[in-house]
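In order of appearance the chains are A, B, C, D and E, and numbering begins at 1 in each one.
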Amino acid sequence: MTTELSAPPTSKPLRSIKQPRLPKQAPLIAVAVAVAAGALLGLSLGWGLAPIVVLAGLLYVIGLTVWSRIVETPRAATDRLITSLVWVSLIIALIPLVSLLTTVITKGAPAITGTFLSTSMRGVISGPGGINHAIIGTLLITLGATVMAVPIGLLTAVYLVEYGQGSRLAGAIRFLIDVMTGIPSIVAGLFAYALFSLILGPGTFFGFGGSVALTILMIPIVVRSSEEMLKLVPSDLREASYALGVPKWRTILKVVVPTAMAGIITGITLAIARVIGETAPLVIAAGVTDSINTNLFSGQMTSLPVFVYNSYSNPGSEVDVAVQMAWGAALVLIVIVMGLNILARVLGKILSPKTGH
Amino acid sequence: MSTTTTKSGSPKRRLGDLVFANLTRGAGLIILVALAGVAVFLTLEGAPAFSAGPNDLGGKSNLLAYVAPLVFGTLLAAVIALLIAVPLALGVALSISHYAPKRIASVIGYLVDLLAAVPSVVYGLWGIGFLGPKMVPIYEWLAEHLSWIPFFAGPASNTGRTIFTASIVLALMVLPIVTAITREIFAQTPRLNEEAALALGATRWEMIRMAVLPYGRSGIVSAAMLGLGRALGETMAVALVLSASGVVTFNLISSTNPSTIAANIALTFAESNGLARNALIASGLVLFVITFVVNFSARAIVARYEPGSKK
Amino acid sequence: MAKSIDVSDLNIYYSDFLAVEGVNMTIKARSVTALIGPSGCGKSTFLRTLNRMHEVIPGARVEGKVMVGGQSLYDSDVDPVEVRRMVGMVFQRPNPFPTMSIYENVLAGVRLNSKRISKSDADALVEKSLQGANLWNEVKERLNKPGMGLSGGQQQRLCIARAIAVEPEILLMDEPCSALDPISTSAVEDLIHELKEQYTIVIVTHNMQQAARVSEDTAFFNLAATGKPGKLIEMNPTKKIFSVPDEEATEAYISGRFG
Amino acid sequence: MAKSIDVSDLNIYYSDFLAVEGVNMTIKARSVTALIGPSGCGKSTFLRTLNRMHEVIPGARVEGKVMVGGQSLYDSDVDPVEVRRMVGMVFQRPNPFPTMSIYENVLAGVRLNSKRISKSDADALVEKSLQGANLWNEVKERLNKPGMGLSGGQQQRLCIARAIAVEPEILLMDEPCSALDPISTSAVEDLIHELKEQYTIVIVTHNMQQAARVSEDTAFFNLAATGKPGKLIEMNPTKKIFSVPDEEATEAYISGRFG
Amino acid sequence: GSEDTTTLNGAGSSAQDSAMKAWRAGYQKSNDTVTVNYNPAGSGAGVEQFIGNSVDFAASDSALDADKGEIDKAKERCGGVNALEVPSYVSPIAVVFSLDGVTDLNLSASTIAKIFDLKITKWNDPAIAADNAGVTLPDLAITPVHRSDESGTTKNFTDYLSKVAPKDWTYKADKVWPTTEGEAAKGTSGVIAAIKSGSIGYADESQAGDLSQAKIKVGDAFVAPSAEGAAIALEASPVDDTRAEGDLAIKVDRETTVANAYPLFLVSYVIACPTYDSAKADLIKGFLSYVVSADGQTAAAGTAGSAPLPASLQTKAASIINTIAAK
């Protein structure tokens, strides 16, 4: 049955493992050449920086691929092409980020002063005011949303991973969670507003209404990310705990969730970051005020994005001041989110499994 | 010691377990109830719009004629956004999971997560103030040289506030979500399969094509679906960036653009009342149904192409 | 305290798949019983029915009787959680809880069950258990360091310490040394020798030399073919199994003709 | 065609950790060489340096020389991708590509180089490789079914078919049977017997009976303690190793005094 | 909740937002414990919320609409009595443009209509040149910019065009921009931001910033947008006498030819009930009285660039607000 095989395949030519290869620094050389050529060509045609960069990028990708194609094998060339594309896509993704951040920082930083952070807009007609009320509003409303979305989301994720495997309900929940990500934020706001108008009577604008709207937007992200993280906990650990005579629920609470905590926290931060910048639902559900309101359950509340939006769209007579305040508030918002992010990472580090190495 | 013997008569299912299991199920049910609440709310508030006339529908004769162009714009913007965002996100995710050294990878991951933190208003302002003007020369070039392609029929917008610019902004907003999920999935590709490919003499890209992408296929689709949800539902950024006229056109670079459902709600909700308001909510319901259908079909497609590999 | 185990007519299923069929076996108290056999013959599956860990897998179930010290494990009014406290288990791969320190790992069984235990009692228990697992001297200086920081062999002994801290009467071990280097292996084997003074020990091993070294009795499982159920072929004192086994299949397996 | 392998003064590192130290070894062409030794002694690590799979792990590197048929594997102008085509590898756990059919799995490696392979050539190659792996008769009816649907032993033979389809000159196997039942194991062992007519085979095994059954030469690795580097203790014809080894440590290991 | 006695909630016109800032600040200064919130959610939303009893007062860029049943619904909300409605804010709407080298431009209503309807597409069109002797107009495409959101500004602008140049502007006055051509932008600030060289748009005069403002043809003269001009035009406009008592809706006369009048302006109203719960009644009466007072109007003029109400209207408005009483 192995007749073909048993014929000694001596006719096969001796295969060489040595292949002509590009020098190790080939990508760097290609970058340098591409930038130089792009700059030369671009400058001679009187182009701006952006087209030159694009040209250099193209030259790099094409040049390196062609070079590799000539010297190395076609497969190596493809590999280089993809590698270049991966790096280029990374750079393309980072350009807008950098641009966004520099825009916000250069336009927003001049607005940031002690009074800007510590006072409200109460009594301020045009002229520079403060965003203390909006900071408080953002923090309280987001806190409210987090306090609701995290337990519900986390428990649901636990259900999906630990209890619901294969059950129809779990399948339905998983599917509907995906659908939930498609709820337009403004619809969430309308829903929250309608809900509380129904329960508490018309005209119920309060921070908590905003929190409920944001909760609806947060939940799918919390569930999805926590579910993935819980799935990553090795079943070894669950079994180790069961074998010690620990009931399932305690195993989940004391072993599974803590082990996944770092990832769960990352997911929660992502969810917070996603909703903390929402405008439309908060205008509808939480209202707007110029004054400081520290009660989530009564009275209208302004959040930073709403403040940004209103200052930009209704700047009053001193447009420059208002617009600068808008950028300043946006900067504060981003700093808050970054702070949360770092806090989460630190928390994650503290809580995450310790390898000890 | 003898106290640890099995107590006869103790309940088979422990109380703690019973309570906790039901608690988690309850949380899941709360989500279902909330979603049902949203659906019921949209239906009840949207239903009256079926009797709305041209006065409340911006001159359109009936609800269908009112919503159809918006659906078109919504899908157009979301599709373009995904076409831009998904390949980019895959590239970024791969660079994090398979290309960059670990230290750099975590920095990149952090930076991309930051993109998720930028408020949508700021995206909108950036789109108007920075991206739009930068796109103008490109649009002019396209209108001049490629106007025979319907997408670039022109005339080019002089502010760059086109559906294409709006889609780029959407793509950026979608990028972090898709990246975050796909990079997790890529990182989990069984080492076994990657090594199998490498041991057969695959280059890095061939290894990714043979082992990583097929393994992550369903995850990529889920990630794209989450991103699509965001793209479909994004309100403020689109409302700010887009020069929306509510037409139906594939022309991507002129100042006359289709509007999207979510942006249209944001643009007209404030000044609407009565039936016009019901019509807007009905359009929200349509958006809800669209996400539902898209998700459903995406899952069906994934299931069909998955040869029983997903445990 | 250590108890004997009586298994009669045990069939073990994964959903509809009969993995192990018709096991009848008596395991003596305060002795070491080794389970050997080729891969996939159901050694792990069988072991896990002895502390009702089998049913943790969705769809898994058993038919038949397992009696521990006269009590039937699978009676309807028996709480599996209680069973598992009485019958401890150590796994193939050491699995200390990654979020806990060495100290907390040892106390995990007690603490996770929210028994209130005074600091001094806890200290005493930790020391006793770690000494019982031959680990005390190596870790007493760094009890608050994470358990994951130990070497594989130390981790495995930490898991044994964790298992004996809840004072079980029986200890099940599923290839406890297969991921360990030879020095750690012999440390664990020495430990098993000491533990059998107090516990009934059942150990699964792929390593026949190990079975010969540590056990009084040996049970040989085999299966006719993949997809067929595993069966207990022979159970006898280890000495006999390794010199003059009753069955030909045992002889073939031990002499290395397959497996 | 099969080639011999010469290893001289090989040190293998994971970042700063020296995992294997100073290996000198000659592996004969068209024969089976077994690597044995306790867990963690570096058998897998060493094996993976023979086809440059070691460097796939971030931070991993080697010092020293590996010559295959007179070509040095670690020269700077050597393409690791070509090395891996010449030196095939089979892993401990069968790893067919989950999204591919049996047919595609076999062709996976071939497709990489010759994209335009005619249907009839492809069919012939699939049949030849599957027959070479003793799997043809079992799967010829369902070549388009997913490879994951096979039993463990069949999957492992599928992986062998996949490896030999690219016509390597050397075949490395890392505990290819440790996850298989005895029947599948003996199928794979038979296969190894046939393959050595054409290939140079290096096999890592935990199972000394297996080493004795399949190999001409055996290399014994050991390590002084966890954290110390593994070393090649002795390499000799298998017969000699299992009867009168040169080293005491080998004797101790083989007679089951540890490991 | 609206039962709070130290908080007044209002919502509505975003055009009035700047003025409201001034009024709230001014009122809160003398009434330290009071908080007045104003949500510039839009006139429609404001009226809707007022009718739905969600806010205490509304501000709207157009008077309550009988056809849409707003008057009846407002009556219902106010316990069966007609709601009060007084003008509070008058703002000229400027036709703004950006054209290199050109800062002064005269445009007739019919030319504006043709430009926004894309009948005139180049700056050097004879129709424009005819009104601008001595100005060199470039051969450049015109990009008209309009609001993408619904707004009172659009309604007043289209109202002006349809009344003054009915032949060239065949659409009716509406909050929604009636055509799909041209550039669309959200909000006044969006329109301002979207005006690049060659563009033309319309926006509140106070928000025009650095953009050039066209003079529009009134009678035979060309008038630049100004608060005074708007006030003159407003004074020339009659009150709608079909309305109930307490409803001071204005029928704006776009075609006025009174000297220096600038008829392209927006008039915006505040809407409230005649009766409230006892504590609230005084609050709202106090606040709205301040709004229409000379002080309030000057404050708004300072911050929002609006035109103070003419004295006659101011007195009428004040007397209507004075009727607000506790239930």
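Everything below uses one rule, namely that a contact is a pair of C-beta atoms (placed from the backbone, for glycine too) under 8 Å apart; a residue touches a chain by one contact, two chains touch by 3 or more.
Remember, predicted model here, so these are calculated numbers, not experimental data.
K.L.:
Show me the overlap between the contact partners of chain A and those of chain D.
P.N.:
Common contact partners of chain A and chain D, which must touch each of the two, are B, C.
K.L.:
Farthest chain from chain C, going by mean C-alpha coordinates, please.
P.N.:
E
K.L.:
By mean C-alpha coordinates, which chain is most distant from chain D?
P.N.:
Measuring from the centre of chain D, the most distant chain centre belongs to E.
K.L.:
Between A-B and A-C, which chain pair is linked by more C-beta pairs in contact?
P.N.:
The greater number of contacts lies at A-B.
K.L.:
Just how far, in Å, is the C-alpha centre of chain D from the one of chain B?
P.N.:
Roughly 46 Å, centre to centre.
K.L.:
Mind checking the centre-to-centre distance between chain D and chain E? Centres are C-alpha means, answer in whole Å.
P.N.:
83
K.L.:
Quick one: report the Å distance separating chain B from chain E, using the average Cα coordinate of each chain.
P.N.:
Roughly 38 Å separates the two chain centres.
K.L.:
Identify all positions of chain E at which a residue touches two or more other chains, and write them in rising order.
P.N.:
Residues 14, 41, 186, 190 of chain E each touch two or more of the other chains.
K.L.:
What are the residue numbers in chain A that touch two or more other chains?
P.N.:
In chain A, the residues touching two or more other chains are 75-76, 247, 250, 312.
K.L.:
List, in ascending order, every residue of chain B touching at least 2 other chains.
P.N.:
Only 14, 129, 203, 206, 266, 269 qualify.
K.L.:
Can you check the complex and tell me which residues of chain A touch chain B?
P.N.:
The touching residues are 50, 75-76, 78-79, 82-83, 85-90, 92-94, 96-97, 99-101, 103-104, 151-156, 158-160, 162-164, 169-170, 172-173, 175-188, 190-191, 194-195, 216, 219-220, 223-225, 228, 232, 247-250, 252-253, 269-270, 273-274, 276-280, 304-305, 308-309, 312, 326-327, 330, 333-334, 337-338, 341, 345.
K.L.:
In their complex, what parts of chain D are in touch with chain B?
P.N.:
The contact residues of chain D facing chain B are 51, 53, 56, 58, 81-85, 88-89, 91, 93, 95-101, 108-109, 112-113, 146, 148-149, 159, 162-163, 166.
K.L.:
What part of chain D is in contact with chain A in the complex they form?
P.N.:
By the definition above, chain D touches chain A via 1, 68-69, 71, 73, 75, 77-79, 81-83, 85-86, 112-113, 128, 131-132, 136, 167, 169, 194, 197-198.
K.L.:
Can you list the residues on chain D that touch chain C in the complex?
P.N.:
Those residues of chain D that touch chain C are 38-41, 151-153, 178-186, 206-210, 212-213, 223, 225-227, 253, 255-259.
K.L.:
Considering only the defined contacts, which chain B positions touch chain D in the complex?
P.N.:
Its residues touching chain D are 101-102, 190, 192-203, 206, 210-211, 214-215, 217, 307-309.
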